Amino acid sequence: MTPLDLHLVRDTLLAALREDIGSGDVTSRATVPDDARATGRYTTKQQLVVAGLPVVGELLRLADPGLEFRVSAQEGASVEQGSVLALVQGRARSILAAERVTLNLLQRMCGIATETREYVDRVRGTAARVVDTRKTAPGLRILDKYAVRCGGGMNHRVGLFDGVLIKNNHLEFHASIRQAIEAASRAVGHLLKIEVEVRDPEQVREAIDAGADLILLDNFTSQQTQRAVAICGGRVPLESSGGITLDNIREFAQAGVNYISVGALTHSVRAADIHLRVTPD
Amino acid sequence: MTPLDLHLVRDTLLAALREDIGSGDVTSRATVPDDARATGRYTTKQQLVVAGLPVVGELLRLADPGLEFRVSAQEGASVEQGSVLALVQGRARSILAAERVTLNLLQRMCGIATETREYVDRVRGTAARVVDTRKTAPGLRILDKYAVRCGGGMNHRVGLFDGVLIKNNHLEFHASIRQAIEAASRAVGHLLKIEVEVRDPEQVREAIDAGADLILLDNFTSQQTQRAVAICGGRVPLESSGGITLDNIREFAQAGVNYISVGALTHSVRAADIHLRVTPD
Amino acid sequence: MTPLDLHLVRDTLLAALREDIGSGDVTSRATVPDDARATGRYTTKQQLVVAGLPVVGELLRLADPGLEFRVSAQEGASVEQGSVLALVQGRARSILAAERVTLNLLQRMCGIATETREYVDRVRGTAARVVDTRKTAPGLRILDKYAVRCGGGMNHRVGLFDGVLIKNNHLEFHASIRQAIEAASRAVGHLLKIEVEVRDPEQVREAIDAGADLILLDNFTSQQTQRAVAICGGRVPLESSGGITLDNIREFAQAGVNYISVGALTHSVRAADIHLRVTPD
Amino acid sequence: MTPLDLHLVRDTLLAALREDIGSGDVTSRATVPDDARATGRYTTKQQLVVAGLPVVGELLRLADPGLEFRVSAQEGASVEQGSVLALVQGRARSILAAERVTLNLLQRMCGIATETREYVDRVRGTAARVVDTRKTAPGLRILDKYAVRCGGGMNHRVGLFDGVLIKNNHLEFHASIRQAIEAASRAVGHLLKIEVEVRDPEQVREAIDAGADLILLDNFTSQQTQRAVAICGGRVPLESSGGITLDNIREFAQAGVNYISVGALTHSVRAADIHLRVTPD
Amino acid sequence: MTPLDLHLVRDTLLAALREDIGSGDVTSRATVPDDARATGRYTTKQQLVVAGLPVVGELLRLADPGLEFRVSAQEGASVEQGSVLALVQGRARSILAAERVTLNLLQRMCGIATETREYVDRVRGTAARVVDTRKTAPGLRILDKYAVRCGGGMNHRVGLFDGVLIKNNHLEFHASIRQAIEAASRAVGHLLKIEVEVRDPEQVREAIDAGADLILLDNFTSQQTQRAVAICGGRVPLESSGGITLDNIREFAQAGVNYISVGALTHSVRAADIHLRVTPD
Amino acid sequence: MTPLDLHLVRDTLLAALREDIGSGDVTSRATVPDDARATGRYTTKQQLVVAGLPVVGELLRLADPGLEFRVSAQEGASVEQGSVLALVQGRARSILAAERVTLNLLQRMCGIATETREYVDRVRGTAARVVDTRKTAPGLRILDKYAVRCGGGMNHRVGLFDGVLIKNNHLEFHASIRQAIEAASRAVGHLLKIEVEVRDPEQVREAIDAGADLILLDNFTSQQTQRAVAICGGRVPLESSGGITLDNIREFAQAGVNYISVGALTHSVRAADIHLRVTPD
């Protein structure tokens, strides 16, 4: 699994700390001695898939380089309720000032990874890969997509800049799918593939003929999907998208598509239940 | 309802656009003529409470000051499935480049407002107010909290800087709740109230005697809550927190607390279903 | 005393160095060898109260992480003329490039602390606390307010975001003080107190009845202040503000108010006289 | 007089607004209707020299582009107590949110200009020019130096980058003034003059012989200054510095120096007394 | 030709202005009246291909929104020596302050476009496209690549993030080209093609068999290139790279490759000769 | 030679890395194991003058503080083809991600230094110094000018802020050179010299009489230059500018000017040929 590049998110993490701490943590200043030291344990209150511990470590380092942070679970591992994921030691005020931001990110990321893992488990044994979308929390895309990887999912393009996906809103400007694909082929750089969204199985043929590299089956039923797979005949990869749930994902996978993208992985995240218990040293 | 101050989120919105657009929207460049103009309609695909249209307007303005944006629904209003919330007109490439970011924020904010409204409806007729927490998506706190207001909820403190809330992790550094409250009273500025978290009804008395301005009942049952209300006798406001759901919130409200804080309003958001349909002019 | 959180001012300090150094220190480059090492001593040329040595240390670290900095006086201590406050050793060019910025901040902060201490000394033995205002040098509020603490003063709210203070310019929008306070009570978060400015002693009663948490006596004479204290009868804290000088502050303190705010502490600062004497190693 | 280039200070002004407003002006939100409009008048409560009105205008524009701002006094003009310097009209909350920051800067800048004017008036009729130093409030140098110009003073170099001034701390690295000047002559760019600080009149000769373009007389008495002027014989300009007050500046001017630099103009500023009276429209 | 998205370079342009203007344009302030107005004409002193006029317009707008800018040549057009490319009118000091930065960028961009056009002209009539590289001036990539498009060239990937190009430094970590390509196929997102660098014609076969989408012929002679084209048989596009000059590019094009990348287009730019003649209005 | 102050360029270097790396180096992630370690050697493929190794070191440190970097050539040294300039060791992915940016800057800077050295060699034995201009790549001025110093050249002013140079575009606003110089003398700070551009030898006299500190001979022939030198008679330094090439620079130097500025040193850079060869450890 490609690890998280902390360089890419440092500004995001700093902004998150500033957003919460603002002009200072008035409660800790008022109730915790300046020289008090403490130990904090990030503990799970549910079964979950781990994602985000390096982010917690980086946040703590940004908040106070003097804090020590030790991880006791692996990214991508499934852990039981009651597990200690990591331990932080050092100046108590620093730990308390960073507590909420670290939890907010860790809970979100573990939530994404845990949900992704459920989808991945449902398609196990098929050739289909679970893929994310650009429906992430603004500002957190790199983190959201990393959490999907921790859950066993695969990342679609990062943004508008690293992949061509011709959707219905683009097709509106062309007389046919063919025309749109041909326009794209002429214009895009030679290192980018062209994926195109189709609305019914018959368009699969047109898209392939026009030179599409991949085809996205938008809101197909599983029956339509089977038909599309048959028409495609393996000439290009197919991706299912729209209306996918834990209940029906296996049907789509078994229909033979290569990718199944699920917006809910990142647009509707259920925070995992994790606590930070702080005790004075 | 306090409106959103767009000044406070402009950097966040710019960063969100940059995150998605990066070095450019290769698909629109390749498939939509540079001079094409279009109209986009933000349309609901479910019943929802509106929140975030000014944010959409600002994002579109940042993406292209030439775009025209007209709102057709009010912040905080409950609208039916199939409603057009707003309309954007102008350069097609600009609309398409901003599409996903505007939807990501609008769907999140309407999701928060819609869920908050459900909680608010459940306590209607009682004196209790539904309150948010600091469990927001990092970087989006101002927006998340505004969406809570749109739903009819009330905001707790914005961050660590504008309110004192002594939680268990702070109490660990003191021999008693009394001692912690007294330390805080000596140290904090004279414009901030002091709220303290208690674990059982008997601590309510101690907290009031020590001078707490508010008391947070942490993970109380509704029976414990009734007992706390009785002990308190209206001397200070009480806030329920922890384990509150749509199913049980009314019990807590009826027990007589003043505030009920619900972390799930912002930490586990279900994106509202909204589409942007773009048609060439 | 709450220590300074250097995290909150790092950007300010970096900007200060850039403002002065710009495209480079042409004099040091031209007259001091690149490898020359030196020792600098920050020495007082007047009696003063110390404030800002951690800021000097951080500036030097930002200018050149290789510099060694040793402090020989305590924040908040009163020191005699001729004292060495701190010592810096390392690359001569780095010390010289940072010299002016370190002195500018140290002289300002010691100036504020020294003046604050004079006010604090005048009210010693009374219950009154000397409090600062938001009349700080733009960009330097955190530092100015920290210097006030070093002098023994207490901080009022940090900005417009962490406290409610209804002033005459707000009262203009209401028919009465009562109405304004009631509007504020409905609108502000439950962790913020409400302070209101009154113009004559009789308004004290109205403000208390309306639910004000604190009352600011704006430009009262000491006689009017005594009357206000009598009317208040200890029900809420009182704050004197406006026209306070070293000559009259004790009269106000003896009248029985709880807080006396002095804008001049930070809006009209007399720089303390401190030199940096640099000698080659 | 060179006008202020607002481009150079826009980031500073934005940071000043953010420092004060933070997550929002809770008092105005709570007590002033969102749609209330108002008029504010910046009115002097003392005689003063005007400086900073364009800065106020820019701050108001940054806070709310919808505000209208009309200036009724000229930069550099001396105005009586009770004068209206400027008027702002528009959304009441915007005016109130920006009030303190505009006043903090305007009071500081008018304070500097007013004090500078006093010094300038004392040397009227002589050839000496009153000059500022780099002893400005960190972050506000461009504004502080502009205010000096408004008062009739002249600016010394802006920072370490646009002028060579060899001070005692540099001379420590050389066997003689001559050696230091010669080193500088070889090293600095051909568009920068070289000024050197001397400690006694006899060094004036050495400095001129070595090629100094200007000479700074550091902490000279007026008698020493006369001697230095005689030795110099007009070959290079001379600058007095150190220990200059309103009481003695004329002596130095009459001794015949060309420039007299006064650190107190900017390091020990007395804020001018200016109020903003806001009334609902 | 895809137009330049000015949003993507605004920060770069602002930084460029700040780099040159710093604390102010002392010459214009000293010699040009504050209210003087002028007209400037960007005039070519050589035949060239136009690129960068929108950048000039944006720089002028950033320097002073009051300036009027009229373009009289089209991006990508070839113009004669002595042509007026554009005209700017307004405050003289603003024009002069922005002069050098506008010229520096315009001369560089026209230089790139002009050189690119020469390469493009040499391959006219063949199927080969002239392509740029990532060998751009740091900070100016978007501008450099846009200038290449103006010259008729095609852009390779923008950065490391939007295309896979396996070079020799990557191949070092694999036993064979096949292994490297297979690793990449498993790991990269499904919207990115995989290009691989080969060292001799025989590796072309291996690369195709392993699933490469494109092949880069690194430092091939034109004979080797012909052989590679033969082996490839049109199965994937081929790109020549390394050692390409105006003198030999046609040989490579005629050998039948699809793309020819030329680092010198952007790493060794000869500034086009363009002047700005300013006259008072 | 004045060394490079890395503080001044850190933001530039970070921006350069971000520009290239964007959302991540997809190729290295896909083909190089996360824990692979490697050694890279920066090797010359031509004779060149070294400039920029500290910049490479800083870029590598910013990309990954764990990388080790050892320099084996001195800034300003002339080295043969095939020399190893520096060696980097550490995480392979980090080295590969930073490769192109380090090369782009190193090649540019060595290119500038090498070209500058050629000009310097041509004037050896004369009194003339080779000087750069403000015709640098926007954003890279500090680096470009440092490279000129490595080549043995001398820097002209850094920007518009640290030197007065009255050019033809300024003279347009004055009736005569005399008038322009006198205006400047009155207005500019006392630490800046005044250089003025003249168009024919006779203007030299006028400029000197008016008080110019230096004179720039704009586009003079070598004959005109000789005449100007004669007229000047050593009273002020003279600078040749415009139309200087390697072929004619010695004529100008021999004519007796003090400075010869060459825009091509930085506006038309030929990248030096340097490779980074990476091998797995």
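The letters A, B, C, D, E and F name the chains in turn, as written, and every chain counts its residues from 1.
Basically, a residue touches a chain if its C-beta (ideal position, glycine included) is under 8 Å from a C-beta of that chain, and two chains touch if they have at least 3 such contacts.
Fair warning: this is a prediction, and the values are worked out from it, not measured in the lab.
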Chain labels contacting chain C and also chain D: A, B, E, F
Higher-contact pair (C-beta pairs counted), D-F versus B-D: D-F
When chain A is superposed on chain F by its C-alpha atoms, the rotation angle in degrees, nearest 5: 120
Chain B and chain E, separation of their C-alpha mean positions in angstrom: 46
Centroid spacing, where centroids are CA-atom means, of chain C and chain E in whole angstrom: 53
For chain D, residues that touch 2 or more chains besides their own: 2, 21-24, 26, 29, 158-159, 161-165, 187, 189, 192
Chain C residues touching chain B - in the complex, by the definition given at the top: 2, 131, 154-158, 161-165, 187, 189-193, 195, 213-214, 237, 239, 258-259
Contact footprint of chain C on chain E as seen in their complex: 22-23
Complex contact set, residues of chain D against chain E: 2-3, 5, 7-8, 142, 158-159, 161-162
In the complex, chain F residues that touch chain E: 12-13, 15-16, 19-33, 36, 38, 92, 96-97, 99-101, 103-105, 107-108, 111, 134-141, 158-167, 169-170, 172-174, 180, 183-184, 186-189, 192, 263-264, 267-271, 276-280
Residues of chain B that touch chain E when the two form their complex: 21-24, 26, 29, 34, 63
